[in-house]
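Worksheet: the structure to be examined is printed underneath.
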Amino acid sequence: MRPSGRQPDQLREIRFTRRFTKHAEGSVLVEFGDTRVLCTASVDDRTPPWLRNKGSGWVTAEYGMLPRSTHERMAREAARGKQGGRTQEIQRLIGRSLRAAVDLEGLGERQITVDCDVLQADGGTRTASISGGYVALHDAITHLMKQGKLKRNPLFGAVASVSVGIYQGVPVLDLDYAEDSNAETDMNVVMNDANAFIEVQGTAEGHAFRMDELNSMLALAQSGIQDIIAAQRAALEQG
Amino acid sequence: MRPSGRQPDQLREIRFTRRFTKHAEGSVLVEFGDTRVLCTASVDDRTPPWLRNKGSGWVTAEYGMLPRSTHERMAREAARGKQGGRTQEIQRLIGRSLRAAVDLEGLGERQITVDCDVLQADGGTRTASISGGYVALHDAITHLMKQGKLKRNPLFGAVASVSVGIYQGVPVLDLDYAEDSNAETDMNVVMNDANAFIEVQGTAEGHAFRMDELNSMLALAQSGIQDIIAAQRAALEQG
Amino acid sequence: MRPSGRQPDQLREIRFTRRFTKHAEGSVLVEFGDTRVLCTASVDDRTPPWLRNKGSGWVTAEYGMLPRSTHERMAREAARGKQGGRTQEIQRLIGRSLRAAVDLEGLGERQITVDCDVLQADGGTRTASISGGYVALHDAITHLMKQGKLKRNPLFGAVASVSVGIYQGVPVLDLDYAEDSNAETDMNVVMNDANAFIEVQGTAEGHAFRMDELNSMLALAQSGIQDIIAAQRAALEQG
Amino acid sequence: MRPSGRQPDQLREIRFTRRFTKHAEGSVLVEFGDTRVLCTASVDDRTPPWLRNKGSGWVTAEYGMLPRSTHERMAREAARGKQGGRTQEIQRLIGRSLRAAVDLEGLGERQITVDCDVLQADGGTRTASISGGYVALHDAITHLMKQGKLKRNPLFGAVASVSVGIYQGVPVLDLDYAEDSNAETDMNVVMNDANAFIEVQGTAEGHAFRMDELNSMLALAQSGIQDIIAAQRAALEQG
Amino acid sequence: MRPSGRQPDQLREIRFTRRFTKHAEGSVLVEFGDTRVLCTASVDDRTPPWLRNKGSGWVTAEYGMLPRSTHERMAREAARGKQGGRTQEIQRLIGRSLRAAVDLEGLGERQITVDCDVLQADGGTRTASISGGYVALHDAITHLMKQGKLKRNPLFGAVASVSVGIYQGVPVLDLDYAEDSNAETDMNVVMNDANAFIEVQGTAEGHAFRMDELNSMLALAQSGIQDIIAAQRAALEQG
Amino acid sequence: MRPSGRQPDQLREIRFTRRFTKHAEGSVLVEFGDTRVLCTASVDDRTPPWLRNKGSGWVTAEYGMLPRSTHERMAREAARGKQGGRTQEIQRLIGRSLRAAVDLEGLGERQITVDCDVLQADGGTRTASISGGYVALHDAITHLMKQGKLKRNPLFGAVASVSVGIYQGVPVLDLDYAEDSNAETDMNVVMNDANAFIEVQGTAEGHAFRMDELNSMLALAQSGIQDIIAAQRAALEQG
């Protein structure tokens, strides 16, 4: 029995609120249940130095948690003077995942930065960030197309992500904090709308997992991600 | 004529949304028009090292802007590896202002940290932070009293803040970004509910200001702050 | 009764020693009683990157305290690896104050950096820094004019600063350390030689201050600053 | 055809040289072909602060590359003043993987730090580090047992790791640099000697991968890891 | 012919001004010609963590240059966020040199920090710092003895330092900046009042130096240092 | 009697293993007994910014110790976020010493970086680094000549280094850790193959040293360095 009463294959309520703030070219509040992340996509006409004059654009991501987005207050990374290893790992994952959906040459010599800032954490902040970041990225690219700066859409697919794990011996979908902190295995999966894998990251927390457990988790992820992609599409169709 | 069409002595719409997030002892979204700041107050049972075993508590503040809370994306301070001078100046101001309303010995040996994170900036983020931070602090102290950890309320007054300035030769109240970036003089005023000054910070941007201009600005601030204190009180009475 | 035996409206002895060191274009030891600050003004032919090719110059300031300028030795900021919030706040204040006296376009595409290093602290180091920094800046600009690099003097007024406060219930001028550490209210005022305000920064330390107290302090500051400006002028006339 | 001429399921030559340096409790030079990593295990009688007096030990890892271990010289992280995101990601992975083989309570209140320093890089430095780090950890624990500091061996299994990927459409085992830099998919797998998974990290570089490709890669990894575990065992038996 | 017109074996004018500032237990302005360094010695009742409860005291030094102590303004190390290699090298040298004159156990469990801040640089700042730092240290120890905190004087000798070098083929004593920046060889020598060496640091700038050149330089240094020690003694006798 | 049983004027076994790693233009494992340092020389076609377009090249060095190269594990400098003072001092010394053998204009507008990473420490790591660094530098320059990028060899001499000291009253050559940690005086000497001095750094650890002791140490160093230069030459002749 899951703490939330959900079925093993049941997602939390997923919501995408577009135009949550007014300055960014894309601004989306994504909610996976009580996990809430503000994803903004910002267009910059310069690419990073190592890409200059190479005919290609770039998509990158940054991630942060507000100090009291969590049960206990965490030290502010800006005050500590550096981003922790977990933060860097997550923002590298978000960036790689989103780039997997973009034709970087088609984007032209510009950079889009997707900032994912966690307002409230309840498990799954990285999977929510990827899923919401995609919607923000989509809006920023639509903005560039409306301005006439892009002739063809460089997005060639949708990207979404969900966590799966083994909780009390049972494979479950979309772990919340109560499950996440007690799971035996935790896996984050990123897929596209062609049902193919972009990233698979599984970690044994309690005991090492067998191949059959891995396969059950992957099946749950596949199903959940297609539902999230449907929710992204519905949000984007609202104009 | 102000860009927003407001009267010189007219505040923007002021809103305090309590319990905006679920983990913090106090969590308030404060809005001064389009300026939106999330203020959380977190209770910690330890005081900073220099205060240990001295029979006194502490109230401190931290401030940050989300990278795309502004017109142009700003570099993330955590990624740059330090908080800028402006950030430090503002968080020191918020902390001093809130401490002016608290009997620190009455608070006991604990610390309350008020985090003010700007979700959307449109001028006046520091005055909104102080005004919203007070409401979050109030909620955190009420929480301590309900838990029986405090017998007497250590808050001995309300604190609020507003900006005033001289825009196109006219003293105006509560500047938004369009005014702030063109004001000749900019002043931030912090007061309590006894109509007395906690902090006055005025800066000539264009030309030095005369005593009569200073007096006009202080009168506007006094009036505006009493309205903000009334709005704080209304929000806190909603239980 | 003030610890120093001074009258409430009496300045400490103010001295400006020009050419205190030999390399800088302007080098002034300023003394406000036992507070001694070495102010040097250095001319650089390059402006900061964000100002390049915009037809304008820049004046900026840096501030530091020698580790044992104070009663207790303070940690050296270079060894700690960062400048503290107080240091940044003060150097931003000095820079803004001095820029208020300079026509930056008239200065041409160059930067003048005013370094204020406290050799001995006894209260009022920031007001001494502004007052002495102005004299050093004046000498550096005179140097540029003598070299023929400037045709017209870009300085359009004098700038000086003093602190005022409420000590044992009485408004007093130019607080020394004994007063400063016990004052109920502390205010730093920067003015020009046209008797107008450049910066007003008042902070309630003990209790919030009323409008009449604010007005008494401002009157003391006005009078004290005109005396300091007279002392600056006398020092500069010595050629 | 692989650049090295190897079969798709063929490992590079794997070598473990124990006692490579003399000070560490465990010191192993691990070679996966031309990839050479020095792994040392150091015992410290203190655990990290957050574990003190909790009856448990800790195993952690640090990772670094010598500046010219690579084709082009990389900047030294100590000189740049911070460890990059990739470094942190890898050392977190090594630490998690090794802890999966240790009963931390059985280790007692001490910490073992496994340093993995890459002398020469040719692809697969993280999988070599995990595989060699396990041998160094084993030696350090044997050392503690010989000293009588541990009664029972807290290691409850062996750990090894290998990379797999899809190179020119074919799933291959243990990628070297020539393959790694051109692979369409890259996956690092960590397993124990019970044929179960400790960590699975797969990333699509070129195109997203299908479930059948994932399964082929996992099968290659399982087979390769059992060979590496056999090589570890052979090295450890040499006494 | 030396730029200053001095003889090869002639020191610049050496001056020690004690009690230059009022807070430090020892405060000395040392001048070697136009080189001026403020040396303060500060007593702290705590020793560094690694010395606690070992029955021994410590003497350490820190060194800094005011940004415009030099011909061209140098970046402030506190603003750059770290002390450069040259600074660290010099402060380590000063600390070692002064400790060579102190019985650290006789000092008791306290630390004396000697801060050497260069107000004006004209060559030889490190040798002036050591020579002046000794006088400041002496005053701080006398202060401790007067307070009754030390029964026996832990100083067992005087320490002074001078530079020597080969300028235009001729060995010369106490190089000023004009010589230093053109010397073929530069050597800093630290000695005690028993005519023995504490530190010898010689560097070939232009061409490698022969043994006979080394011996000439050492002879010059010996003679110069005895004169500096005499000047220290004279200053200390003034009470 | 020396702990190792060596004669006072006896070097440890000195070995230079060229091509120890495969990527660097020069890669040498140098061994002074149990002290082992990996020296790589890397060619970069760009010079540092302050040398650009001045017709000159540059040779620089970096130094590091693997965390467990020492008896006790040392904190990793990359993790601590800065290089310590000792590290900076040593790498500055190595760089200066190697530049003393190179005609920088003859090198052309390129930089050679010599990285010295200590795999195992047993005293004398800096002298081994200089001696091994020279061989690596030689190989890198030979590489440039073979590529036709240099017409004439810019090396105009060999450089080597050794430590000398006074151990139990006796001057000894090439101290190992057991001696180094108990020596009364420690001196590092760098010389060229013309028997002239490039650098002399002597420090009194226990008591100040007399001129005759200094001379005995220098004589030992001269003799030892000529043997090391012979060993360098033998290694380089092996082609």
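So that you can tell them apart, the chains are marked A, B, C, D, E and F in the order they are listed, and the count of residues begins at 1 in each.
Just so it is clear, a contact is a pair of C-beta atoms (placed from the backbone, for glycine too) under 8 Å apart; a residue touches a chain by one contact, two chains touch by 3 or more.
As the structure is a computational prediction, the values presented were derived from the model and not from experiment.
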Required steps from chain D to chain E (each step between touching chains, minimum)
2
Chain F reached from chain B - shortest hop count over touching chains:
3
To the nearest 5 degrees, please report the angle of the rotation taking chain A's Cα atoms onto chain E.
180
Answer with same or different: of all residue numbers used at the interface between chain C and chain E, are over half used by both copies?
same
Note, CA centroid farthest from chain C's centroid sits on chain D
I need the pair from B-C, C-E or A-B whose contacts repeat those of E-F. Over half of the residue-number contact pairs should coincide.
B-C
Centre to centre, by mean C-alpha position, how many angstrom separate chain D and chain F?
33
Rounded to the nearest whole Å, what is the centre-to-centre distance of chain C and chain F, using the mean of the C-alpha atoms as each centre?
51
Distance in whole angstrom between the CA centres of chain C and chain D is 59
What positions in chain E touch 2 or more of the other chains?
81-82
Going by the defined touches, start at chain E, step to chain F, and keep going round the ring. Which chains appear, in sequence?
E, F, D, A, B, C
Please give the residue numbers of chain C that touch chain E in the complex, ascending.
21-24, 27, 34, 36, 38, 40, 42, 44, 62, 64, 66-71, 73, 76-79, 81-83, 87, 113, 115, 117, 119-121
Per the contact definition, I'd like the list of chain E residues that touch chain F in the complex.
82, 85-86, 88-89, 91-92, 96, 100, 187, 191-192, 194, 196-204, 207-211, 214, 218, 222
